[in-house]
Amino acid sequence: MISVKFFAMLKNLTKAEAKQYNIEGTITLEELKGMLKKDFPALEGVFASRSVFISVNQEFADKNTVIKDGDEIGLLPPFSGG
Amino acid sequence: MISVKFFAMLKNLTKAEAKQYNIEGTITLEELKGMLKKDFPALEGVFASRSVFISVNQEFADKNTVIKDGDEIGLLPPFSGG
Amino acid sequence: MPELVRIQRENFSIEAEMENVKKASKGIGAVVTFLGTGRDNSKGFEISGLDFEHYPGMAENKLKDIRERALKNFNIIEMGIVHRIGNIDVGEDIVLIVAASAHRNDAFMACEWAITELKRTTPIWKRETTKTGDVWVSETP
Amino acid sequence: MPELVRIQRENFSIEAEMENVKKASKGIGAVVTFLGTGRDNSKGFEISGLDFEHYPGMAENKLKDIRERALKNFNIIEMGIVHRIGNIDVGEDIVLIVAASAHRNDAFMACEWAITELKRTTPIWKRETTKTGDVWVSETP
């Protein structure tokens, strides 16, 4: 099982704090985004505008990042700390 | 009468805190330096090395500054505040 | 002795944080601090309060990472970073960065770099309360 | 309420000075401070204490002038400057400059400019006590 956490305005959009998925083997970031868009159509615009970072196990993911069972994924809108 | 104040290491050099002179009319900075060098030969090297600022009535003097009766002159070595 | 880098709900003492950094060495001659505080307006809107959310674990690690890179890349002796989360009133303190060095230029450079890096890399989000409702702020593109 | 710009023998409270500056406006979002402290070494010599002398009147006026020029030339809201004179031990605070603005870049620029200008234009002199005696420091050429 993987857990996807939503933060800040993304929690408002998805009306959820987190979402769990059971996956077999590994999936890519694009596959994850597909799953999320199906469950949360509001995320389509967010992914399209690229105004979101994705973290895997609390590190920034990149194109080549692969998601495996047990991973913690974060959907991070643009930061505004400081 | 004018009063010349010495600060920091210049007090050590002149072994004085201040020196008063009676002047008639006005004098130039160069004339003042001449008077000071006569009374405090140790100042010769200081003036030669230009490692001193001169203030008149607590404002930095320049080449054209003229000293008149009642003025307060400061002999200011390089600053080291902060 | 409190940790040099941390995230907390409660307010911090600027003096205590600076002391904590200063005691690293008697060779410290310059301490530059950046303090971020809650303004009463933002982009023309009146603000009546702030609320900060963070990604627990990841946010703390990103701040620790900033300190370590600052110590490696700048000629500083020590750095402390404290960021608050939760509700923060207008005028209250939000974030403090303390950079200490022998000479002032290094502390200025490291402090300014660290706050810029914090805003760029640390998963913390600000929500502003305005007359027309609460707005999440997106400052990093 | 203490003056924003002053020279004094006694130590100052960093927190009190920052509060004094912060209360100028609720539009302040960034406060950058420079704190100069007594180091235990200078140019390879061990220092056991410091003594600062100033030109009374002129030094205060030069500091006030720095604040006024900072307010005119930088986009800051307020600035405070405190410099101590007399005997100062290693590790003690010597000078504090507090610059407050809406956005951080202005406060960083004004604070860094102000301490550079202080060293350049303010008649204050430092004497360092070393093992081999007391030495007046000439830092400005």
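Should a chain be cited, it is by its letter among A, B, C and D, assigned in written order, with residues numbered from 1 in that chain.
Operating definition for what follows: a residue touches a chain if its C-beta (ideal position, glycine included) is under 8 Å from a C-beta of that chain, and two chains touch if they have at least 3 such contacts.
Keep in mind that what you see is a predicted model, and the values were worked out from it rather than measured.
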(Q) Over the chains that touch one another, what is the least number of steps taking chain A to chain D? (A) 2
Q | Distance-maximising chain from chain C - centres being C-alpha averages | A | B
Q.
For chain B versus chain D, what separation do you get between their C-alpha means, in angstrom?
A. 27
Q: With chain centres taken as the means of their Cα atoms, state the distance from chain B to chain C in Å.
A: 49
Q) Between chain C and chain D, what is the separation of their C-alpha centroids in Å? A) 23
Q | Gap in Å, rounded to a whole number, between the CA centres of chain B and chain A | A | 73
Q. Going by the touch rule set out above, which residues of chain A reach two or more other chains?
A. none
Q) In chain C, which residues are in touch with two or more of the other chains? A) 36, 115
Q. Hey, which chains are touching each other here?
A. A-C, B-D, C-D
Q. So in the complex, which bits of chain D are touching chain C?
A. 13-15, 18, 22, 26-41, 90-91, 102, 104, 107-108, 111-112, 115
Q.
Per the contact definition, I'd like the list of chain B residues that touch chain D in the complex.
A. 5, 7-9, 12, 51, 53, 55, 58-59, 74, 76-82
**Q.** Residues on chain C engaged by chain A in the complex (per definition of touch)
**A.** 36, 52-55, 57-59, 61, 83, 94-95, 115, 118-127, 136-141
